[in-house]
Each structure stands twice: as structure tokens, then as C-alpha cells.
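The following block contains the structure, expressed as C-alpha cells.
Chain lettering (A, B, C and D) follows the sequence in which the chains are written, and residue indices restart at 1 in each chain.
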Amino acid sequence: MLRMGMVGGGPGAFIGPVHRMGAELDGEIHLVAGAFSSDPAKSKLAASGYGIAAERAYANYEEMLKSESKRSDPIDFVVIATPNHLHLPIAAAAMDLGFHVVSDKPATATLAEAYKLREAVRRTGKLYALTHTYTGYPLVREARTICRRGDLGAVRKVVVEYSQGWLSDRLEETGHKQAAWRADPAQAGLGGCIGDIGVHAFNLVEFVTGLRIGEIAAALSSVVKGRRLDDDCNVLLRMDNGAPGVLHASQIAAGERNGIRLRVYGEKGGLEWSHDDPNCLRLNWKDAPSQTLYAGSNVNYLSEPTRSAFRVPIGHPEGLIEAFANIYRDFATALRNRQPLSDVVPSIEAGVRGMLFVERAVESSRAGSRWLALAES
Amino acid sequence: MLRMGMVGGGPGAFIGPVHRMGAELDGEIHLVAGAFSSDPAKSKLAASGYGIAAERAYANYEEMLKSESKRSDPIDFVVIATPNHLHLPIAAAAMDLGFHVVSDKPATATLAEAYKLREAVRRTGKLYALTHTYTGYPLVREARTICRRGDLGAVRKVVVEYSQGWLSDRLEETGHKQAAWRADPAQAGLGGCIGDIGVHAFNLVEFVTGLRIGEIAAALSSVVKGRRLDDDCNVLLRMDNGAPGVLHASQIAAGERNGIRLRVYGEKGGLEWSHDDPNCLRLNWKDAPSQTLYAGSNVNYLSEPTRSAFRVPIGHPEGLIEAFANIYRDFATALRNRQPLSDVVPSIEAGVRGMLFVERAVESSRAGSRWLALAES
Amino acid sequence: MLRMGMVGGGPGAFIGPVHRMGAELDGEIHLVAGAFSSDPAKSKLAASGYGIAAERAYANYEEMLKSESKRSDPIDFVVIATPNHLHLPIAAAAMDLGFHVVSDKPATATLAEAYKLREAVRRTGKLYALTHTYTGYPLVREARTICRRGDLGAVRKVVVEYSQGWLSDRLEETGHKQAAWRADPAQAGLGGCIGDIGVHAFNLVEFVTGLRIGEIAAALSSVVKGRRLDDDCNVLLRMDNGAPGVLHASQIAAGERNGIRLRVYGEKGGLEWSHDDPNCLRLNWKDAPSQTLYAGSNVNYLSEPTRSAFRVPIGHPEGLIEAFANIYRDFATALRNRQPLSDVVPSIEAGVRGMLFVERAVESSRAGSRWLALAES
Amino acid sequence: MLRMGMVGGGPGAFIGPVHRMGAELDGEIHLVAGAFSSDPAKSKLAASGYGIAAERAYANYEEMLKSESKRSDPIDFVVIATPNHLHLPIAAAAMDLGFHVVSDKPATATLAEAYKLREAVRRTGKLYALTHTYTGYPLVREARTICRRGDLGAVRKVVVEYSQGWLSDRLEETGHKQAAWRADPAQAGLGGCIGDIGVHAFNLVEFVTGLRIGEIAAALSSVVKGRRLDDDCNVLLRMDNGAPGVLHASQIAAGERNGIRLRVYGEKGGLEWSHDDPNCLRLNWKDAPSQTLYAGSNVNYLSEPTRSAFRVPIGHPEGLIEAFANIYRDFATALRNRQPLSDVVPSIEAGVRGMLFVERAVESSRAGSRWLALAES
């Protein structure tokens, strides 16, 4: 059993509890400690809700890392579920004290921080996983396999979108915790929508296609009056193989739920995966009937790694928590076997790419949607 | 933290691990003991996989119940994930020794056994929950609320189906554990498809509508040659308010996955829920646009109990494991608060109804699809 | 150019104008005469709306047939778009005077009439086509090809449904012409819902599978109070190869639109066609990805006759009028080439089968859902 | 009965026959003359197929216009179904001789031509309709009504796409008539994909929202090697009210059929219409269940003009031909009543807007996706 300590995830949190459920689902990881809130009382309250001993409910991450370092049964790794600006300091401190890290996305608040974090990962040799959750869906991984195996031929076009409507109003003014930090540059970093969900869409493209997005031309907007960060992004893409593409994301698409959807077109056909129906994958062919692949542990036509990422047979849906659990399972396997992480788990390299995207998108948008290369300077 | 002991769920099992994941998801229940297999070595192996101390890996349920009774930290309840013929003896023995019970469906192998089990529940006063999983889906519960609140007007027609294709061949001859016991009358009881999935469809109708199915006329078939139990069922229904209906279920519907789907029509409109997309609920109205209700903890238009049955907000799918978890959560709440079970959790009464359905269906089918009342004799 | 005369289709008619549009769509047939209403003024009004010379707007079908017989440019055939009780007299009179016939379904109002009509068809040798419209959808024809070619293996189960909600209230009391005659046994015949739409569902099964429905056990209801004919039907099927099945149809399924949907399961997989999306056909396989076939004149993977039944390429929807047009096109081809009708066009044999179904269903329902053979006595 | 003459639509044509079927569907218009091909023999052949007298099968449009002008029963209007470069000369000549015009899109091959055509329309006062077919779908018109009525609040974001895969290979080299002229700048004009289908997407946005697209930044690609015109376009939009948007269109999206889809988001909710299912319209709301509106002549919740644009009741699909027919019906009404065209029919103003879009898109793309205003210079 691996022991996990969490930073963030206190009262009112959305993603912390999901990390906990995902991490523990397969019975290999147990949440045993946490600095759940900057308010010590709230941290204790949260700990109690998680069934954690009061002594391991810490007031802040520094205290957690220090205390856990001294225990005979210390945590094995830290999961970071805080606003973005804390990702780097927590991750770096944890790794420096010998803890592995699972971090929520984006990797950091700024590109400069991402470079520093990459340096810390390299220096310490610790495992670092970035929870781009959608990569945990087995059929996204199957899409990656199909695409990289060349079933579609060379990639010719990419369309990716991520549409939400929950920030259609100034929720950040109402005491809504999730909205508040996302709308605050001091906590979220340079990007609003682009950093919160655009970066997921970006990652999904590179994850599935195996190509890099070479250049972008972006238009970011703050549609809701008074909002300081962007809440809508539309980005032209040029893949490094020359293929065109488009990425659009919005948090003011009123009535939308959480619609992330990827389409990749190659010479022979295209694939489509949508979070609206994450347990199926569509393949459309130039001269043959369309195909739908379904999820399930017993589905012979899926590749083996995909099949073993399911817990239940065909026709029994798995969802977001199970997607998290797949990332945690791979993390646990590496940790237990003292191996590098599987390359289906987003690493700090993906984290750097994401921040490169966010910063260049902001820069491009400010420069009249000028085309900018996604190359490290 | 409540302690759970499992019977069944050993190597090769499908549903045992799902019970474990569902039970533990919300952090209130922990699997600590089990008689996972009739082969003691296999039981120990399974226990180890579940992270359970070897001493609590029992060779059989009698031993588990006896040993646990003597511990200072005994299990609080038993979950039964065995073939049907063991449901009654295990449940009765457990309750007699003071343990509460969660049982997989159907309640028992025969109607007579169901009556005995009901007697045991009444006698011991223990909690008994029957995992008709589909009732754990929040939008099925919302459908129940909508229907019973009268939004549709009086119910006029019901259509329910459950289509699978996995028994299109004689899988039971190939060493496939799941198929083998389901095809064996000694373990499954009188019903094949009707007892395995037909009973889910039956339960769903009574659960959602609040009506009872008054009479049925059934045609059961063993389509695959050499199969002893039915693998396909088609049943005419008459609700106790006179409304007509139809129920069809199949395990030889080649190419089908796990398609359980309910439609209820009332005077004003109809509702539709399908396991293909369990996170939405369709309402069609006589003179107004159709509506789709979506799942999510933050969806204001859903009733409160439904909303609080979600772990994540709109657009983030939950699936089968979460449906199990909802039943376990209600079970844990009752247990912790020493209250009766919530009436959204299927009880032994639902279990008796189900077995009444199975036996009458078999009887009707043998009698040329004669109409039979679903009344206790 | 072939000349068509219509009986029925006057003011307030639904299906008459659709026949006209379908017949004329491909430019081979022209509506030139009609007895559109039993009210001569209304017949003239309708004729004017259709752009027909006043002299060819007849007061009744007898007059039309007589007058047209004497013209140098007579109609080539008659289309019958009247209530059911007039189908036989009009068709028989037309054929006796040498006119071919296209008739709306069901063939007649009673089985006895269907036998008489078959006799008239045989006696006169005239072409007779029955517009079971759904057989005009190209992908229904493709389903037939696939099924009869054995792609699915032997048929093992059939599920067919036809759900409407438009008769949820007593529309027949409100002056609604379509509802009025359908609810009147004197005009509709023995069957309400079963004769109006159940018969479509029945036909679809035999059309696609190439099997006959051997026996049925039916439960018909008049759900809306005071209605004399059935408005809801649920029927158990046994195909003549022994395969089980179910057919359900309703006109009181409030909120439903016009949902006719067929599923056929064979040894290797199943097919599904639904009127909700008539331009695609789903194939689900036991051990391979599901397939979706799309409509279009340029779709190479469809069989040639199917492809040539489209007017537009893939992705451009065709609908009900085009389905009618396909039947008319085949009719025109036969007429022009003095050939028998293509066997994809429902004939009087299909008409007799349909009426056999209607009468046996009513009889079975009255006899406690007794199983009855669909054999001619 | 109105008389129509066609230019184009000869052997191998796709859209000419669709115009014919759409125009004639409601029985008000009849195709009586045509210059169907530049090859006189082919023109006669086509005429014969259309049932047109040989004398009215002309060798070219000049001859048709001249001859028809002299007849006592001349055509009332000309429909232009030729490659783009002929749109202006034919339309201008026709109007100068007193004929009204229905033209396929885009209005012309270049923006300069569009200005000239507008001048001709103004000068002659003739009716001119541009068949942006998708505006003929009743639910697109309903979307327009909903949007302009303010149901969604102020528009905040627009997403429109049009994906096809039929030009994934160099079909234009294979003798495929449709592909050949579209790939030839001399016939198609400046735009490939952008002019062929991008312009439909553009029109759909302005048609439905009532807003103008103020500025664009475009990236056009010729993905298939050797192709001279663009076959893929991705365009950032800024509406004249400041709302951001994105338009993407492709003819090399292998496996795609004919996917035009519009999403408009306002302050209160969003609407979505997709050609994949043209008979329904989705409305998603910020705080209420989603709604689906269905097509049908008897659907009370639709606005009256929309309802009367259907020929059949709910649940009976209408498609592309019926969408054309709706435009022709409005055209016929105006012509018959000597009124201006309804403003739901795209006019030369829409044509000019479309060409402005095409030319600016090409220009922007060449200038590194520079933002350009869609203003007439």
C-alpha cells in the first residue's frame, strides 16, 4: 500500500476529493495525510472527513513535508490540488525532501516556473505525473495507439475543443471558491480559460497524435465584463508536420457542460473522441463504414493496455474517477517497481509544453493573433 | 469506518471487485475480511490482492461469520457476491449471527427461498439491501421522483428492455466462470436470462413508477442449442393500474453490450432513461419541447437527493462503480445512524417481487404464455 | 410521363399530398386527375391546388374511373389515399377497368377483403403496390440485403417497435379528420393502432428478415377512455424459424413522435435501423467494432440497388417523401417496362400478410393473448 | 404555375437535379427549358431526361434567354447551377432580359463580380435569390427567430464548422466533374474550400444571429499536394458586437460526410443545429434542462412561419430537397405576388457578404492570418 499526502482539497474543493477517490480506487494507494487548507481548522475538518488521523492534518505543506519526512511510515508521494501559483513551490519542496509528486494541471502558473520545475524533476530524479485527466480515459489511450500506429495515415487536420458554460456570470464575485482563484492572475497565472481548460485540449492533441503543435495564432477574450483573465480562446494551429488545425475553448459558452472533444483526420480516415460519451471511440473511413469502438475489459478488438485499463466489461460505463484512477495506477506501478513512469502518463515535459502553449497564446493574442512558434527560447 | 466482509469475489470474479470499489469509494466502508472462494488458497490469494490480512481470508462463509463474531473489531456487514443458490444460506446465517447484509441480485434462487429470506430479515431486524445497481444511478432516482410526483400524469404504458449479447455462444462450456454458473440451474435457480437481467428490468419498472406489475404473460426461450436455462425473454405486462407494457431481455442479442433502458409514458408525457447514457434523462412532452436533464452535483434543476448522489459537477461522467457506491452510501448512513434503510434502496420486499416475477414468468412461459398474476399465493 | 389519378387527399389530408410529392419527385409521374373528396366542391378545390384541370376533378372514384377510361390520355394508375374501408372497392374497380393501383396501407379493412383484393389482382393481372413507406428507405432495403445475404447468420431474435403519442387524447372528438376515421371501426376496420402502425412494424420484420412471423400472442388495449379501437399493442412473436421476438406499437406514448425501429439479431451480430435517423444503419458484431453505414448515392460500400435509390451524396439527408418516391420509381419502372414489380415493393401478398396479422392480433388479444398461427385458414 | 429555365445541371451534375426537385416539389414551379450543358447534344439529352421539349433544350444560356424572351410562354426565371465564374454573366444577362434569377452559391467568382451583380440586381429590379440551402431548413429559420428574438440574450460566442472528406484525394484529376471545376481557379474563383463550403458556414452565422462578422483572421491550406486552391480553412472571427468566434471548414477531413453545424452562445444559453440531424434544434440553458425542438407541421411550440415550412408532421424527416423547396416556395410566392423576397431568403446582399468573406479570408491567409475587416472598401 502506497501512502499519499494531499495539498489542497479542503472544504469546498472540487478536484481534491476526486484525486482521493481516483487514487484509492484500485486499493493500492491510501490517503493518509494532508495540508487541506491554509486554515488549520479547515484542514483538520477535511482530514476528519477523509478519515485521517488529526496528527497528520497539517496547517501547510511545509509542515506536512517536514513532519512526514521524520515519520517511520511517511507518505510516499504528494498530490497537489491547489491553485496554480502553488504548484511549483510545493512540487519542488516535496521532491527536494524525497517525495514523488502527482500534480494537477497546469504544471505551474508561468512558463518560467515550468522550466524551474523541470529542472527540479531532473535534479531530484523523483517521479512527477501531471493529471491531464482525459489521458486517463482508456479510449483516449486507444486513440493514441491507433493514431501513432499509422492507421489513419499521416495526420492532416486536427480539431479540438473544450466548451464550458459555468463562468457565464461573474461567479468569482460570489464567494465561489473554484471560480475565485481561477479568475485571479495572482493565483491562476497568465491564463484564464486557456490555462484552465485550453491546456487540456492542447495536451490532448499532442498526446494522441504524437505530433507537436508547431505554431499558433491565438485570439483570447474576456467576454464577461470586468474579468481580468481570458474566458474564451480561439486558436489556429499548425502542427509540426504542417497540418492545419484549430483549438477552441470557452468557459462562457452558456449551457455547455464540460465538452472536450478531439477530432484527428489523416489520409485514410479520421477519429473522434468526445467526453460526452467517453466510453466509445469513432473511426470514420474514406471508403468504408464508420466504426465505433466500445470500452470494456473484455473487448478483444482493443489493444491490450487499453483493455486492462478497464475495471468492468463492455456496456458498463466508467467515468472521470476511473480516468484519474488509471493515471494513479500507472503512477503506483512505477513507484512500486522503481521504474520510470509509463509514457502514457503526462510528465513534466508535457507540463512545459502546456505552459509554452499558454504563454505563447497570451502573447499571440496581444500581438493581434500573430503566429508564434511553440519552441523553447 | 464501517467494516465489510465479502463472500465471493475471488479470482475470475466480475462483480465482487465492483462491490469492493463501490463500497469503499466514499471512504466510509472498508473491506477487511472475506471468504472469496471455496478454494482456501484462492481465497487467501484474493485477500492479499485486496490488502486484507491473511487471518481474515476465510475458507468459507461459515468460518468467516463465526470468527468475525468473536473479534473485537468484527465486520459490520456481509456482502454476498456468489451464485444465486448461496444467497439465502449466507444471508440467513449472517443475520442470525447479527450481521447486516448487502446481497447481489436476485435475492435468492427460488421464490420459496425468497420467502424464507424475508422471514429471516423480519425475524432478525437486520438491514438487508439488494444491489439492483441501476437504482443507484442518480438519474434513475430522479426518474422515480418525477414519476411518483405525478409530472407525467397517470402512467399509461411501460417499455423496458435489457439486451446483452455475451451469451450468443455456449460460453458456459469454455471454462468461463461467469457464464458457467449462470447456465446451471443448480446454481442459478429456475431462471437464466430472466433471473440474471430480466429481474433488473422488472425491478426498474416498479422502482421508478411506484406501480406494481399486476400480471404477466411470458415467452422464454433457450435460443442457443443445448442451453438448459432461458437466454431470451419477452414478456407482456399489465400494471396494477391497468396500463399495458412490455419487457424484453436477451443475452443472445449478438452485438449488444449491456443495454438496459426504461420508458414510461403518462398522460402528459414520457420519460426515458438508458444505460447507454446514464448521465442524462429524457423527458418528452405532449405539447412542449423535449427536455434533457443532465447529471451533476451542481445541477440546480435536479431534486436535492439526486444532486447529492453525485460526486462531480455537470459534464463529468459517473458510471457503474459510482452507482454501486450510492447504494453503499445509503446503506452506511442507515447503519451508522441505526435507522431503517432509505426507501430508494431495494429491500427484501423488492427481492420477493423479483423472485415472484422470475417464477411466474417461467410458469407462464411453460403454460403457453398464459397471463399470471404477480401475487403472493 | 405516367399519369396518376388519386382517390382521397383532399383538404385536411396528410398522406395524399405526400403521395403526390413522392410520385412526382423523379419527374416520371404526374398527378392529372383525382376524386379528392366525397364533397365535389372540396374535390375541385383540391384539384385546383394540385394544378389539375377542373374537368378531371371528380366527385367520386366511380366517376373518375369511368371518365378516365374514355379519355385518349387516361390515367395509367390510381393511387388510393382513403380510409381503409374504401381500399378494396376502389382498387378492385380500378383494376377491373384496366388501371394499375398504388394503395396506402393497410391493404384493406379486413382479412376477408384482403383475400378478395388478392383475387382481383390475380384476375386482372394489374400492378398493385402497397405503400409500406419504410420499405422505401434505401437503408431499410440495404438491411434486407444484408440480412437475406446471411451476413448476420441465422436470425435469432427480432425486436420491432412503432411509438407515437399523437392519440394521447381523444383527438377523434375534436374534428381532427385523420384521427376521426382511424378511431372509427366502420372506416378503419378491426384494428386501431395495430392496423394503422402495428402493421408497418409487422411488415418491416418480414420485409427485412425474409422470414415469416409464424405465431403471435397479442395484448391490445384501448388506453384512452371511450376509444373503441385499440391504441396500444404489445405482441410476442415467434418467427417461422423458431426465433423469438417482440413487437410493440402505441399511439398513446405521449411525447413520442413517429418512432419506428427495427432490430434483428443473428448468430454473428445484429442490425438496427431507426426512423429517428433513417439515413444510417447500424451493425453490431459479436467480436468486432460496430459499424455505421451511411446513406448516399456515392457510398461505395452499399449495394448497387441501394446506392441508386438515393438522389444526393453522403451527408445530405433524404426523408419520407424520398422514401415514397423510391416506391413510385420502382412502380413506374415496372409499368413503363411492362414488367412485374420489383420484389422490394410490397405487393398484395404483403397486404394479405398484414391483414392476417391484424386479425389474428385482435383475435389473440380477445382470447387472453393466446398464441395463434399467422397461417391462412 | 411558374416556369423555370436552368443553366447547368447536365449529365454528371449533382446540384442541378436537386434544384429541379426542390423547385417542383410543391407543384408551383415547373422546369420547362434549359441550357444544361455547353455540349448541345448533352443539353438535349439532359432535357429529355427532365421531360422537356427538345426545342427548349438550348446550347447555351444566351440562346436560351434570347429564345425564351420571344415565346408567348417564356420562362419566368432562370436557375443558375453552373461553376462560379458563370454566375455573374448569366445572372446579369437574364435580369437584363427581364428574367428573375435563382443562383447557386457563391454569388460569383470574385468580390468585384459580386459588386457588379448587386448593381445589376438594383438596376433591373428583378428578384434574385441565392441558394444557401441550409437557410431553407425550417429549424435553421427557427434558430434565427429564437436568436433574433433575444431568447439567448446578447450573442457572446459563435462556433461554426463545415467538414467534408470527399476531396481527400486528387479527385479533380480523375475526370470527376464536380471536383474538377471546384479545383480550378478559372472556374471556381479565388476560393476553394472557403468558396465552396466555407461561405455556407459564414452565411449561416450571419443568417441566424442577425449580427455581422466584423473581422476575420484566416489560415487557408492546400493540404492535398498539387492542389491549387485551398481545401482546408480555419478562421478566427470577431462579430461586430465584439463577440469572438471560430469558423472551420475542410474538404480533406477524411471520413466526414457533410457536417455543417452551428453553435451560438448568448448570455442565457446556447443553441445548436447540425446537419447530421437537421430536424431538431437544441437549446441549452444556463440553469434549466436542455431542450430539443423537433420538426413538424403540427408542432405547436414552433413559430408559425417555421411550422408552415414543413410538409409532414413530427417524426417524419424532411431533408435537403425540402430545404431547397422552401427557398423556391418563398421565391415563387414573391414572384406570384409581385412582392419583394422574404428576408429569410438570401439575397444579393448576402452574396456580396459571402464574397467579401472569401476574398478577405484569402487575403488574410496570405498575410500571415492578419485580422481584416469585412467591410466594403
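Some observations on this one:
By definition in this document, a contact is a pair of C-beta atoms (placed from the backbone, for glycine too) under 8 Å apart; a residue touches a chain by one contact, two chains touch by 3 or more.
Everything numeric in this text was worked out from a predicted model, so none of it was measured.
Contact with subunit A and subunit D alike is made by B, C. Repeating the A-D interface, with the same residue numbers in over half of the contact pairs, is the pair B-C out of C-D, A-C or B-C. The chain pair B-D and the chain pair A-B differ in C-beta contact count, and the higher one is A-B. A straight line joining the Cα centres of subunit B and subunit C is 42 Å long.
One finds 35 Å separating the Cα centroids of subunit A and subunit B. Chain geometry summary: the mean Cα position of subunit B and that of subunit D are 54 Å apart. Of all residues in subunit C, those touching 2 or more other chains are 256, 283, 290, 294, listed in ascending order.
If you check the complex, the residues on subunit D that touch subunit A are 152, 156-157, 159, 161, 163, 165, 168-169, 217, 219, 221, 223, 232, 234, 236-238, 243-246, 248, 250, 252-256, 263, 265-270, 283-286, 290, 368-371. Across the complex, subunit D is touched by residues 283, 287-294, 300-301 of subunit B.
On the side of subunit C, the complex with subunit D involves touching residues 1, 14, 17-18, 20-21, 24-27, 49-51, 164, 166, 256-259, 275, 277-279, 294, 296, 298, 311-322.
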